[in-house]
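Consider the two complexes below, in which chain A is the common component and chain B and chain C are the respective partners.
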Partner chain A sequence: MNVLKVPARTIAVFVLPCLLLYVCLVFIPILVSLYSALLDWNGISGANFIGLANFKTMLFDDPVFWPSVRRTLLYAVFSMAEIPICLMMAILLNRYVKRANTLVSIYFIPVILSVVIIGQLWKTIYNPASMGGMINGILNSLHLTSWTHSWITEPKIAMFCLYFVSLWQYFGYHLLIQFTGVQNIPSEIYEAAKIDGADGFKADRYITFPMVVPIFKISIVLAFIGSLQAFDLIMVMTGGGPANATETISTYMYNMSFLSMKYGYGSALATFLVVICLVFTVMINFVFKRIENKVS
Partner chain B sequence: MKKIKKGIVFLLFAILIVTQIYPLFWLLLYSLKTNEEILGGSFFSFPAAPKWTNYKEAYEAGHYLQYLFNSVFVTGVTMLFVILLSSMTAYAIARFKWKYGQVVMTVFLLGMMIPLQATLLPLMFIFKNIPSVLGLDNFHFHFYFINIHFAWKIINTHLSLILPYIAFQTPIAVFILNGFMRSIPHEIEESAYMDGASVYRIFRSIIIPISVPPVMTVCILTFINIWNEYILAATFISSEKLKTLPFGVYSFVSQYSVNYGDIGAFLVLGALPVIVIYFLLSEKITKGMVAGAVKG
Partner chain C sequence: MAKGKVLAVILASALALSLAACGSSNNSSTSNTSSTSSTESTPTSSSDKKVTITFQNIYPDSTTPSYKMLHQLVDQYEKEHPNITIDLDSLNTDQQKMKLKTQAASKEVPDITIVNPAAQMKPFVDAGLLAPLNDILDKDGLRDTYQKGLLDYYSFDNNVYALPDGNNIEVVYYNKELFQQAGITDTPKTFDELLQDVKTLKAKGITPIAIGEKDSWTGSFLFMNILLRTNNGPGFLQDVLDKKKTFNDPAFTEAVAKFQELVDAGAFEEGATSIDYNAGGNIFKTGKAAMYIMGTWEIGAIDSSPVAGKVGVFQFPTVNGKGDVNEYMLAPGSAFAVSANSDHLQETKDFLHFFASNLPKAEFDLKNAVGIGQKVDGDFKAAGYSDLAISALDLFKNVKGGDLAFDNTMNPATAQIHLSSIQNLFVQKVDPSQVAQEHQSAFEANNK
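This part shows the complex of A and B:
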């Protein structure tokens, strides 16, 4: 008996509650969103069907849209760039530190905190020195007053301040994932390699790197998808401002939908977001499949 | 040479501890300072005398216990339903003989790529309209002496949070539980089946007790995600007495800007529950988060 033969009613009892809830609250909303992307609608008065006009405006006439896309992609690039560093740290931890587990779980603390706490904390850290901000306080005490900024209220650097907070918060997460991956490589392999004359970075090159590819991929995917959806932290810290300087696709969608009440246009942005999430997930999986085939 | 190398590595990890933990420690100091100390003090200074009244004021001015209770309630109910619904579905996919098992699984996997924010607007719309479509927004029933009257609404109730929370946590939960349940040896169920146990009985008395480890993983993932969730709460909830902790912290901070120390204290209070739980269960939480990431 490999599978249980059960009446259809039993299957329904087991599957339907979950599936219905899921379809109604995830799939149907996405379909609604696809449809309302075709409308000119402010949520109150009647909606006009305008076809693909929203998408046309979005792609060709909106001065905020493409910069938001660029920021979102840059977010992804920064988050992914962090992961090789985490991998190196994980290798060092595994090799030189005795109670590495404790250390990793300390680095992990920012990960479990709510974005609201993290965002507000960093807002105070970025404050001007006259409001008790930490960074400007440090710069002042080092007599580097000319380096002080009002950080997240300056359009040119605000976005980079946000990237930094995000990298800071998720550093522990990726370190932990990479560390688990490195730890799970059996030590016999290294011992065998040592006999053959490979240790240190040579061993990393031929043993560690190929063996952590799957785990490395997981971190990359998480970082990439996470940054495409980059949202909460920005909403908490800047709300997309100053002057749209920290807007990403998600925050722009939210602001259009809930602040400007352009429901149709917001839905077009949401549709775009869903599509690029799907496309990039498939793409990353494809790329890594090729890498894995090459390595093994 | 080796000593120098080791020294450098230790220095590196010491610096990392400072960057990862010092901001949190700084917040703790901040929360115990007077306004003058915060505004005039340097970036590193202990308060002259810890000002515990900050905590008293924050506690009295905000609705901390109310927020805490709401978070416990919403997270608890969500966890309960996620476990119940997704384990049933996972079991049905793993063991029942039916045509659409893989289709259902694919539907869930597809949903893992859908960003939550994209459903905000349509969900808002659906939640607003469902009660009136069903005719329950102003329901009168009169039959001799029986008089029923109620106005059902979803938006701005805990239901508007719990329903999407459950829906968004089920894909990963089904995925993790299904992976585990497929690996349970068939013999156990077979003998129970021979003894005349029903599917429900097998599920309740055999499968669930065996599946405790992956259920714990799901619990941890759900807890961390839902406990910290902010955007849905901020979008769907407007009553003070229904706010969850992250949203409550956010509104406290944005409304109450007279006393910096109080804000710091409220942030610390907001972070406290998760930190306490993390200190009690850090190993389980880190393991669970990695398992969730790796299997997702």
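This part shows the complex of A and C:
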């Protein structure tokens, strides 16, 4: 900071507004919800302080909680697994397609659509054939009737159908980010490498991958945090049903706080979500720091 | 440099002027309105205090009779009381429930709001957010306009806290044309006949019963009707609350088993758990399903749908010879409540008194008076009500009693577990005793 030759006090003045906003809008609410997690409270009338009882029930006695955590983490895994594919696609687009920008823009369309529209659209696609469902209709016309399913109402497969929609929607988003990353690598480097005999996959291995790591990390973090908070799509398509089969932490939190009117318990779930987010963000940063050190 | 400074001065002064202009125009406009209102209101009304009453309601759809009724009465009242402005906050049912809960958490309940009966409104009453309405009920005999016993669902410790807009029962609507197509001549009187009809309809490729089970209360409403029969009468949940019975009671497991028979027979459309309440109703209203088991509040909507005139109504059948068809799932409607912390409690109560006193007549004229909570003077047939409405009214005459919906009887946490447990029956085969145990543990965990 001293290089700027600005007194620390001036820096403080400029940082203060943001810091205050951040503390008021993020930090204090987190603390408040931490406190309400210790209450037995319906959100309206008086609250009883019950210590850690909510956490105890949540961690040891709740048949819905751990499956929701599993689904949420699986959501994150799938979203993150999508990103290497996006990167490969971006590299291929950059190398072999002349006007890749148009394609990338087209892939981006689902991102700008409202989640409610996407949800309704895919609900129609997944519907049973009798309700005009596209997938089942196609399967029927191919005489693969045994493959048809009531996709989003069968507990075993419903969640995967939701994952798929989410992956489909955000594919264009991550592709765009990776594509920009790949494009920003100066072509001189590739030319120099070509002279040294590195071409095609070899150039990717030694130039592209190391140079897009920071961008790759952004995508991973975005995908991870986004999927932990997955809520709107699930609410629109299944509402967490049938019978909690597609519940994630955030939908469960909503249902508990507002439908079951257990505000304290909902806050306990929220606290858990905050903790997971923190832990995993730190973990991801740690992993990437090692990767960056290794490749550079 | 000098030029730049001049420009800056000009810009700054322009900005200052425009701000000043805004300020002055604001001032003049407020002073205008206050002066006109004072001159207007002094001669007409004794209390010249200008009052704005916020009226949160669940009638946002301008095509429905309820919307028209609301606006008609509010306009009339505003005309008669120029010092009163009524600010309507119209929301969908679910949005309103959510908004009210949020407002209640910060003790900012609107002057008039909507609550649901019994267990659903209890938290609000316990928190002291609602004002007792005994005084306005006793004024001009308003209390006697309500159907006998109806206000009990909104009373706690002998105080009435809300005035209901409806009092409905659950019936089975059926599409006469589709029944004919399937060769069914008579409406089912027993559950076995109902199952038989379901199979017959299914064999003809007709969806037997439409339901929107994404909104899980719909399945619960139907399930509770079966329970009302297998329990041989009302009061099962009350007995559970009083610890006289548990959910492991045979009446409950039998109801679960019967419900599963219905699911297994393919009674409901495919993918029912992803279809919401409105879409589910539309399957019936577009003539794609033969039956629809729902409250009488749907009559107006059915009469304005493509199947109007083809629909009849019958009582939910007996189950295994048990139960009385004249006992119904009762659905006392959502109700108007007044905030205890309202800044102008008296004005709000006066308005609500006017509103509740004039509601029956307004609803009757709009052909929306089947299943309202108050007694209606008038000849429905002469007023041009449909056959469906008339036959439903005949059912009302013989109502012997019944049960409230699960979420109106049990606390919200227990109700949610019940709802998802019943939703699960649509997609999975579960042993009835396990369903019962699930209910019992949920009940015990949430009723300490």
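Following the convention adopted for this analysis, the second predicted complex is superposed on the first by the 266 of 296 C-alpha atoms of A that agree within 3 Å, B and C clash if a C-alpha of one lies under 4 Å from a C-alpha of the other, contacts with A are read in each partner's own complex, and residues count from 1 in each chain.
One rule holds for everything that comes next: a residue touches a chain if its C-beta (ideal position, glycine included) is under 8 Å from a C-beta of that chain, and two chains touch if they have at least 3 such contacts.
Source: prediction; values computed, not measured.
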item: Chain B versus chain C as contact partner of A:K5, first or second or both or neither; value: first
item: Which of chain B and chain C A:G172 touches, first, second, both or neither; value: first
item: Most chain A residues touched (candidates chain B, chain C); value: B
item: Touched partner set for A:N94, first chain B, second chain C, both or neither; value: neither
item: Which superposed partner A:M131 touches (first chain B, second chain C, both, neither); value: both
item: Touched partner set for A:A270, first chain B, second chain C, both or neither; value: first
item: First (chain B), second (chain C), both or neither touched by A:S227; value: neither
item: Chain B versus chain C as contact partner of A:I112, first or second or both or neither; value: first
item: First (chain B), second (chain C), both or neither touched by A:F258; value: both
item: Touching both chain B and chain C, residues of chain A; value: 43, 130-131, 258, 263
item: Residues of chain C touching chain A in the complex; value: 98, 101, 104-105, 123-124, 126-129, 207, 213-214, 216, 269-275, 411-413, 415-416, 420-421, 423-424, 426-428
item: Touch list for chain B against partner chain A, complex; value: 6, 9-10, 12-13, 16-17, 19-21, 23-24, 26-27, 30, 38-39, 41-43, 85-86, 88-89, 91-93, 95-98, 104, 107-108, 111, 113-123, 125-126, 163-164, 166-168, 170-171, 174, 186, 189-190, 193, 199-200, 203, 224, 227-228, 230-231, 234-235, 245-247, 249-250, 253, 260, 263-264, 267, 270-271, 274-275, 278, 282-283, 285-286, 289-290, 293-294, 296
item: Chain A - residues contacting chain C, complex; value: 42-46, 123, 126-128, 130-131, 133, 150, 152-155, 237-239, 241-245, 255, 258-263
item: Chain B contact footprint on chain A (complex, rising order); value: 1-6, 8, 10-11, 13-15, 17-19, 21-30, 32-33, 36, 43, 89, 92-93, 96-97, 101, 103-117, 120-122, 124-125, 130-132, 134-135, 137-138, 141, 168, 171-173, 176-177, 180, 215, 218-219, 222, 225, 228-229, 231-232, 235-236, 250, 253-254, 257-258, 263, 266-267, 270-271, 273-274, 277-278, 281
